[in-house]
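Below are two complexes that have chain A in common, paired first with chain B and then with chain C.
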Partner chain A sequence: MESSTSTGDIVALKMIVMMKQVPDAEEIFIDPVKYTLNRSQARGIINPSDENALEAALRIKEKEGGEITVISMGPPQAENAIIECMGRGADRGILITDRVFAAADTYATSLTLAAAVKKLGDFDIIFAGESTTDSGTGHVGPGVAEFLGIDQVTYTIDTRIESGMLIAERELEDGIEVVSTKPPVLVTVLINSNLPRRSRLRLKVDAIKKGVEKWDHDTLSLPVDWVGLKGSPTLVGALKIPEERKRESRPVKLEEIPALVDELVKKGIIKIGEDA
Partner chain B sequence: MVELINCVVPEHPEEYHDVFVYLEHKNGKLTRGSLEMLGKAEELAHKLNEKAVGVAVGKNLKEIAAEAESYGCDVFLGAEVTDFSGFSSVAYTEFITSFVEQYKPNIFLISGSREGRDLVSRIAIRTRTGVAADCIELDVDVPNRLLIAWRPSFGDKTIDQILCKRHRPQMITSRPGSYKMPEKVEGHKCEVTIKKVKMAKYAGEHKTLEFKQKDRLDLTSAKIIVSGGLGLGNASGFKLVKDLADSLGGQVGASRPVVDLGWIPYEHQVGQTGQTVRPKLYIAAGISGKIQHIVGMKASETIVSINTDPEAPIVKFSDYFINADVSKALPKLTEEIRKVRAGTPASSPG
Partner chain C sequence: MITEREESLKMIRETVREFSRKELGPISSRVDEDDYFPLELFRKLGSLGFLGITVPEKYGGSGLGYEAQAVVTEELGYDSASFSLSYGAHSNLVVDSIYRNGSEYIRKTFLPKLCSGEMIGSLCLTEPGSGSDALAMKTHARREGDHFILDGSKTLITNAPYADLMLVYARTGESYTAFVVLSSDKGVSKGKKFSKMGMRGSPTGEIYFDRVELPADRVLGKEGDGKEIILSGLNAERVILSFIFVGLARKALEASLRYSMERRQFGRSIAEFEMIEEKLSNMYTRYQASRLLCEKALVEIQNDRMNAIDSAASILYTAESAEYIAREALQIHGGYGYVKDAGIERLLRDAILGQIGAGTTEIRKHLVASNLVKYFRKNKSLPK
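Take a look at the complex of A and B:
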């Protein structure tokens, strides 16, 4: 795919932010029959690391110019989260919504989102969060990159453009890797890597006027058995309650703390005179 | 562009054999996560009467193969990169996938480290199969050669069984720290094949410019951990946690919400999406004990919890339960430990 910056002309950067609306906190229920997640009762918020992904895109837009499209796959209510993103400075919002997309695993989700990106045409950078708080696999970003056949830079804490190249810092277990690559590229952004701005009322009003486009499997020319539960190689077989190693749960009152410390020392659990 | 191909293709599971494990290595050594996975691969291979096959990409793979052999790996497949320019997902995916396509493994285990999670989804999609992420228990249905993977569910009480019935390989990740380290195996012989590859063609202009080494807090080897949760009330509550940890010579842990709130950096997070720990002593202060936290600390030897709610799930998982406010119990514990320490000459053996 030709990047819009590599054509020689000064063309505005085209950025895409993949955003998922997730249930706030713990109000999640499992459908006992189908073993699928029932999100309807919980209030939706922008997935936390997706807020950082959007912020990273907005900062590049401020410096380099360009255009940001937010795409989200989810139920109709996810429109609110898209409007919120537009209120922060995204230019366009697309909601990929269709009952047949329900219960997709990361394979089918990545395929559907990649189909949406293909439909959008040329782009330079796709930003995704590092993982979602409700499923938390972190597989969808790289999955989309694979379907599109483009490079990826994961776990970023900083991204910038220098002479047409994307420079990114990745936070790994043992240090920070600074990477340079040429767009088109997919970047995943770590939670708390920047401070997401708030939406502005005027932009939000504009967003509501402009509206959010809605695409379904027909718009994306995706056969129904490629998406949702049918298009998912993995399935949930059964549920179980975790086995607990029997622990005593011995109650200890505040005034019994000295005795507890004593016991832990006697049992050798706390070692005195030796630094752990 | 890779084509948008769906996964509903006829597969022949019976053509797939043996257990692959991705051997991630740093500075010439296998990472702890990949050693744990190698141990699991051997365990599963043994049950299936098959082989544990390690696959690796990078430089100096002979040394890596030798280390894998010493831990009981049966077959080693290496892609020795002759023009190494740093890690590249695209190039690594290419090399690993070519091993999968040639060898046709039935099961493929990858440590859920950052590198593992970067790669697993691309490899799975390239080979048109599924992945179960962050599994905490693995088993096999031997007659059907089906991998039974368990991962904590989205809710907070149950564990889900994830199956991949038609597609091969059956891929999973588990976080480092999830399983015990394997034992060394004396005199074991591993069949080693290392091929030379060039990455430039696949990595294109992707290059590592610089690597700033900085060791992240490793809770997996800590002997004592004091963790704080939302019950601390606010960020300054961690002062009390830190004081107690210091008095014990231990480390500070945390639940996820307090990390998300920015009270403490992510490197302190314990649980499904944080680190999996097994210290001698784990003190949970103001943590409710939701399943995603429990899976990361339940292997601790002794667990002490502090909670105002006697019904909190953490209570069942505790050896000792202090039913009190953290603002009272934490300083009291710290004070007591300091007293005991002061009363004993620092040189006396425990």
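Take a look at the complex of A and C:
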């Protein structure tokens, strides 16, 4: 690893935070006529677990020093979310935006983000939120690690640096696993694992002056059919809302219960017997 | 409008608005009803960079200008005028003045804590016997060797019950001197907290100084500089505090529009009645005129802190207009407006302070007219 010294101590830690702007779930409402989600009124916010990812990176920066670059893929409006990240303490912001990247699934998104990380050069840790609130697959973090061929630590709730190693606590179903790994590494961070700070006015004003770098398809020079809709193997066949089962109720007297049980067995709603 | 033109000011407005709507708006009626000062929320303003907004970063501030401070004041004032008043008293009257007039020692020692919200500040000018006639103050300090002995009392002091640091004006012989006094200094004691008609939740109280020994390095500026610090400070204060009432007026007008469009009487919305139309149009016109006047004063004060005409004129007109707008808002809301739940009557009670605090309407008129005569005599033309 280029940014490490021979003793294993990391100098000028380089961190990347992958962030997505998502609609604020509090401001999405259901169209009273069409029953579809109306996002038009919703403000764009930083995806909640990405806020935790940024906070995790900022805490390491506070202790160890270093530099944080936020990268995001999305429409031009996502710039606001990057400015907010810089207002919290990220040093640099890059927005990957181009019409040809539109409608990418998690495969094409991971590939595009991995290409952007490669273009950035050396890095030590990539932080990503565990999943987004608007699609919730949790694919992108691990996908980027795979495309880059680096280690990944998922579902983390705490991370720190000790003698050049990244120590991460993973929250698993049956407990907390502590992992020690050597950078470069990608870490996905669980929602609510820390309390994200608010931005500071001065940093935000500086961020506006500094600006967000915009990278398009030309900057990344990826083949057109690797990105966007063309590069996405996922095909959505159809989307259906399951019909609600009809429920009925009627009062039953105590002496009628045996007859009711017989009826339920007959209708196949319940089963009685050893193979039940 | 300048505060809408610049990208960074627009962003600051959005940031404050988001914070204020989420954290201040929901508690604003409790702040009023219980006369409750949300101390932790106030300290949070520090971590966001609002408290030391006009102070350079090396002293813990945000390094921005009066325009940014005005935007914060307006947006907080929209949700809670009293909270905004406490903010203005701390951030402008104390923090900004300490930065502008303080020695390097004073800046380095006190500004970081004032900017972070660890310390809360009060400006102490008014006394039991001197309000509008501020320079008739009785509080005095006399030199004894390498220190000063401060004696006297101050009243109607915003933030006093919570103040850790006070900027105190006192007579030093024939002149006036400003001192930095800590509530922990021996001989400083606090009187009662007043129960006010409006601006409830912004704590107001009394402070007494009984032979308070102050080292010479607690003098703000130089000994005898007090008068200019008072006057320039009052000018900046008037412009910044005007924005509380710009925010309050905006809230009253928005509520009035919403209500008059929804409320139906005689088969149509009351917004269609000519007498309501007259109210809405006057309210809007006076609101916009206030804003423009205040924004002009902001530009002037940024260039010349001794500009008394524009600063007095801006708060004179804005405070009268805010009271008028809040009164009309209450009238439009009828019986519902008179009930506390609607939050409209609070706007009127809060707006009344606008004509009293930071110089009364009467003093402001005197300032505008007397300075205007002076200017015209000298220049034979109006100020630009």
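Methods note: the second predicted complex is superposed on the first by the 220 of 276 C-alpha atoms of A that agree within 3 Å, B and C clash if a C-alpha of one lies under 4 Å from a C-alpha of the other, contacts with A are read in each partner's own complex, and residues count from 1 in each chain.
Assume a residue touches a chain if its C-beta (ideal position, glycine included) is under 8 Å from a C-beta of that chain, and two chains touch if they have at least 3 such contacts.
As the structure is a computational prediction, the values presented were derived from the model and not from experiment.
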item: First (chain B), second (chain C), both or neither touched by A:163; value: neither
item: Winner by number of chain A residues touched, once chain B and chain C are compared; value: B
item: Partner chain in contact with A:200 - chain B first, chain C second, else both or neither; value: second
item: In the complex with chain C, residue positions of chain A that touch it; value: 83, 87, 197-205, 208-209
item: Touch list for chain B against partner chain A, complex; value: 1-2, 4, 6-8, 26, 86-90, 93, 113-115, 117-122, 124-126, 128-134, 148, 150, 153-167, 204-216, 222-224, 248-250, 259-260, 262, 266, 272-273, 280-281, 290-291, 294-295, 298, 301-304, 315-324, 328-329, 332-333, 336-337, 340-341, 344-350
item: Chain B-touching residues of chain A, taken from the complex the two chains share; value: 1, 26, 28-30, 35, 37, 48, 105-108, 110-111, 114-115, 118, 131, 133-143, 145-149, 151-152, 154-155, 165, 167, 172-182, 190-192, 222-223, 225-227, 230-242, 244-245, 247-254, 257-258, 260-262, 264-265, 267-276
item: Chain C to chain A touching residues, read off their complex; value: 7-8, 11-12, 15, 19, 47-50, 53, 57, 61-64, 68
